[in-house]
Amino acid sequence: MLDIILAEILVAAIITFFVGRKLAAIIAMAVSILPLIALLDWASLYGFNIIHLGIEKSISIPIAGVSLNLAITPLGWFFALMIIPLFPAIMLFSYSFYKKNDGFYPFMLLALLSSIGIIMAKDMLTFFLFWEMMSWSSFLLVYRSRDKEAVMSYFIFSSLSAFLIFLGILIIYQQNASLLLSSINIESNAYGVVAIISLIAGFAIKSVLMPLHAWAPYVYSKSDEPFVAFLAGGLSKLGYYGMFLILFILAGAKVLETYFTNLSPNYILAVFGALSAFIATLIAFMQDDMRKLLAYSSIGQLGYIAIGFGIGTPLAVSGALFQAFNHAFFKAVLFLAAGAVAYRTGKWKISELGGVGYRMPFTFMATLFAIFTLAAIPITSGFAAKWLLYESAIDAKYIFVAPIMLIAGVGAFLYSFRILYGVFLGENRYPNIKEAPKSMVAAMFILVMPLLIFLIFPGYMLDMMHDALISGNIATLNHNAFVIETSLASYNTIAVIVALMIALIPAILIYKTRKHRVVDFMDNYLAGELPELYDNKISMHAASRFYKPIEEIIGPYFEPGTMSYYMAIYRGLKAISDAVRKIYTGKAGDYAIYVTLFLLIIMGWFIWM
Amino acid sequence: MKAIELLGKGEEMNGRAYVKIDKSELEEAIKTLKENGYNHFVMLSCIDWLDDGEFELVYHLWSYEEREHVMLSVRVARDGESMPSMHELFPQIETYEREIHEMYGIKFEGNPRLTPFFLEGWRDMPPMRKDFDSRKFTKDVFGNISTIEEEEDEGI
Amino acid sequence: MRYEEWSGIARKASKRSLWMVHFCTGCGAIEMPPVMTSRYDMERFGIASMATPRQADVLLITGYLTVKTLKRVVQVYEQMQSPKYVIALGSCTMNGGMYWDSYNTIKRLDKYIPVDIYVAGCMPRPEGIMNAFLKLMKLIDEGKARGWERYKKYYERYKKNQEMAFNFVKKEEKEEEKNEGD
Amino acid sequence: MDVSAIMIKSAVVIAYAFIGTFIGLLFLGVGRKIVARVHNRVGPPFYQGFIDVAKLLSKKTNISHGWIFDLALLFSISGILLAFAFLPVGGIKLLSTDGDAFLVLYLLAIPALGFALGAGASGNPNAGIGVMRALVMMLSYELPFVITMIALMIYYDTTSIARIVELQSVNGISSWAIFIPPFMLAAAVADMALQGMLMEQPFDIPVAPHEIASGPMVEFGGKYLGTLMLYKAISIVVETTLFVDFFLGGGVIMHGGIVANIANFIVWFVLIFIVFTLSLLINTAFPRFRIEQAFTFYWKYEAILATVALIWVYWMVI
């Protein structure tokens, strides 16, 4: 079953290369729905939330003497639920987003194929093979943006990530002959630790953890929105899939703990996650370009997952996985909404946008719900995920990570309001644009659907990750559909929702009993000034450089930015290489001298031995 | 008085230098004064001599070093003779000229903003001229706007 | 909604909680601080000064009004939410005061926006202003402070008066308009 | 939980919502009277809060700027009532066993977001700047407040407020958190953060009437302003109760039947009144800060004090 689907996606990828725009989109959509259907009917077979570890549908595909064997593991199952539903919606969105078929669909299909391959990999070789395929297929999609900075940074960082992962795999292979995931155990000696750290660093590049995130703002803001929605929503989760694999399933966390007795290295991962959440949020609300803002917000929200993996308690890991699930969907919706706005207005800068929400209400509603989930408003599923993470930080008494994480959560309000006010509300600067095309709006609402389900039943999410946690030998929380019980406190969504209904009654009462008159935009209090005298050309846009007071205080600290550190490394390397090049003077005499010198050293070494 | 030595003419009038200047020499005079310490442009005023048929424009300058006030007086005919604008020398002259244009009707070439200043929607002759009868105008305009009485029959 | 239907409680409440937006044009602002501070303390009667016409019930106009400022006063008045009242302080708003023969000051404010209470004096002392507020409260109680209804009823005539003032329409032109109209 | 228990619980919650609103409006009027007395003025009658809200709700015309503008009205009241339902009030645990401090912290953010959307939809630049200031204020006072909250949680090893109140009333008043040395410092920091939450004078930067024509509320009038006044009233009660629950044992001095409940209620009422008066006195003593000053005040001085308290508690606990 599984291999048929992969083959179909490959074939579709090749076909869409030659076919016209509309047909390519339809094929892509049709093919991408296949894994979704397969996913759902496996769910019906094995029950939506409980997959016993034993029943693994595994197959192996012999190619050129090497067999790629794939299997549905519980962890792979959970991440598949996150990544696969994204794809058909993104294809539906790009149906009307692209005017001509210029190679978008084939590479996206290859990216999907490789991400499924990664999740279903049974051994490290197939894992690495699909990882490579995913990197270069996404690289070719980034290349379409023709932006030198984005392309170069993405290329360098993904190849660095691939190199680190390959280094890790080699060391592990050297330690225990087979590459089969189930049969690997990493000894806690220096090599094992190096393997784990290099693997984690490699995965951290893909999931934009702070110091290694430098490529993200350029790539997210320059390449086109549907791809970025899949990149930020889906592909970044593969980094965390790898981390979970190494840290928990292959017991990497325990190896690190036993090796470094005094300081627990996971705390460092949590600290990196907290810093990335905090600093990315602070940078996010100073951006003017909407896509850059969303890029930094994505880095911030992904930092939470790193914190969860860092803390490592069952509470933290389930919170992290829940946050990963939410992030996949609300970040995809936000980038698609940015794409829809850019499709209609052709602009990305917040200072040039404004009042788009009045004419594009559905896009605004989808963004509003995504922003509520991002900002963790209590009733939304975003809050359940963040609540678990906060509980775990307090439970583990991480007094450095907990406050920074909470402040990053509050900081999320700032940049989310920046998007709502700067782009959708405020001065009505685009009075005659039309709503985004039907297919775009439908795509966004499909992506909002899963968030709605887990808004009411966070317990179902914990059931779904139940097996993934067991496979990572982590205990699970006691919960039912509505209430999540932890040692510190409990969170009951039904109580919140019912209390909200009761609390809404007075508000609706006041709203309904008193009539109100909607007044047009220019009838605004402007200290008595008359807009008609200036024939309604008074600028009422207050959203560019919105947080100027804080920018002046915080700005200088973030001025250099991590890219400048990488530039420093680049200059250092360049200086060294210049020095080395001086040796090749091009005159024969010098080369003769080098040879004799070399011989002398060798003889000297022999005499000394 | 330093200004009088500078310009070579004019007399001292209760503590201030009063210099009569022709329209063409005005720019030259202001420049020389400006270079020699008179860097504070106090105001530009206009007197309407109805019987002489002329306007008298007075440019007031003040120097902080010598603590002296100089008044350059220029005579312009009332029948719409125009004046060169001095706003390049002192930026605030532009506003004074704009007001005098609105209130007296003197045209200043080169002034970028001779738009209505205080009187929006004004269609009559410039009101500060002596031959404008303010009382009659008030009766004509505001006199005939009727007050709004209650129609008693409604009996609200 | 007719005035009588406006229930007793609402009228009592709006009487004891007058929120005022203060349009100070001429010299009137100097009389307001004593009214607000401890000497006379208007807050005793629930009167507070607000920042925007949307939040206010009483428009307090002090000093003379030129034609240019009248445009802005009308805009502020129309942005207020009814029931709204106007208190005009000083003799300049009554009959132009010392600017009775000036070519661009408004002689009688009542021709352009409905004024509930005039306070004579140039400028009236704080006691005068306090009396004005108390008088307004009594009028609201008796249901006689009906400026905003009059504005709604004779809206066209108010607008015509405002247009004539804004464009300095003179007597002869008015006759021409009339015979064009017939 | 069978149906009757739920019915009783929701009835208690609704009753407490009304009590909270009543006390809130009472505090509005009494607050203005206290401030007036400090100004050596007579000040409005104590029931002025009720009159203002009645007048606003009985306005004839209400100006709105579209459905997003109306969201402000719905979010503000429901958000603050929800937050009030999840707080133990005078020892009576309304719904606080079903949620915890983080939930209340985020519930307090719903009305702020509702304002922000409403003000944004009104399109007035004053409103935009006002909301920017409100969000920056929120970011600034949240840091010290969150650090003190974490100190409390680590000390009592729980995050549910009901549990914290229980642990504080183990043996009467002496076990209140404020009498434990690190929490005296934490209480001072939290009180200054409370000053920011209540938007009292030194920190009423977002609603500055002179600079930005009362900020986000510039286009709110009639029933919208009436709802916002109700929100302000209840938010006074909610935020002071939060402070009292954290540091002053939630007003619980006796345990047992009806008499204990009444005694606790009175003690709770007196405590929130004292905390509210304290913030009013600070209000009358200070001019309004600029937003940069407020931000640096909270993130530099307050945050350092709060971290000292946190480390002190952490050192005590491990």
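The letters A, B, C and D name the chains in turn, as written, and every chain counts its residues from 1.
We take it that a residue touches a chain if its C-beta (ideal position, glycine included) is under 8 Å from a C-beta of that chain, and two chains touch if they have at least 3 such contacts.
Note that the structure is predicted; figures quoted are calculated from it, not measured.
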Which chain, with its centre taken as the mean C-alpha position, is closest to the global C-alpha centre? D
Counting only C-alpha atoms to place each centre, which chain is farthest from subunit A? B
Busiest chain-chain interface by contact pairs, anyone? A-D
Measuring from the mean C-alpha position of subunit A to the mean C-alpha position of subunit C, what distance in angstrom results? 60
Distance in whole angstrom between the CA centres of subunit A and subunit B is 69
Distance between the centres, which are taken as Cα means, of subunit C and subunit B, whole angstrom: 35
Junction residues of subunit B, two or more chains touched: 120
Among the residues of subunit A, which ones contact at least 2 other chains? 523, 525, 533
Junction residues of subunit D - those touching two or more other chains: 59, 61-63, 213, 218-219, 222
Interchain contacts, given as pairs of chains that touch: A-C, A-D, B-C, C-D
Show me the residue ranges of subunit A that touch subunit C in the complex, using the header's touch definition. 523, 525, 528-530, 533
If we count contacts the way the header does, which residues on subunit D are in touch with subunit C in the complex? 32, 36, 39-45, 48, 51-52, 54-55, 58-63, 209-210, 213-214, 217-222, 225
Across the complex, what residues on subunit C touch subunit B? 3, 66-68, 71, 96, 100-104, 106-108, 110-111, 114, 146, 149-150, 153-154, 157-158, 161, 164-172, 174
Can you name the residues of subunit C that touch subunit D in the complex? 1, 6-7, 9-10, 13-14, 16-17, 37-38, 41, 43-46, 50-52, 54-55, 57, 79, 81-83
Per the touch rule, the subunit A residues reaching subunit D in their complex are 355, 357-358, 364, 368, 375-378, 383, 386-387, 390-391, 394, 397, 399, 402-403, 406-407, 409-411, 413-414, 417, 420-421, 424-428, 483, 488-492, 495-496, 498-500, 502-504, 506-508, 510-511, 514-519, 521, 523-527, 540-543, 546-547, 549-550, 552-553
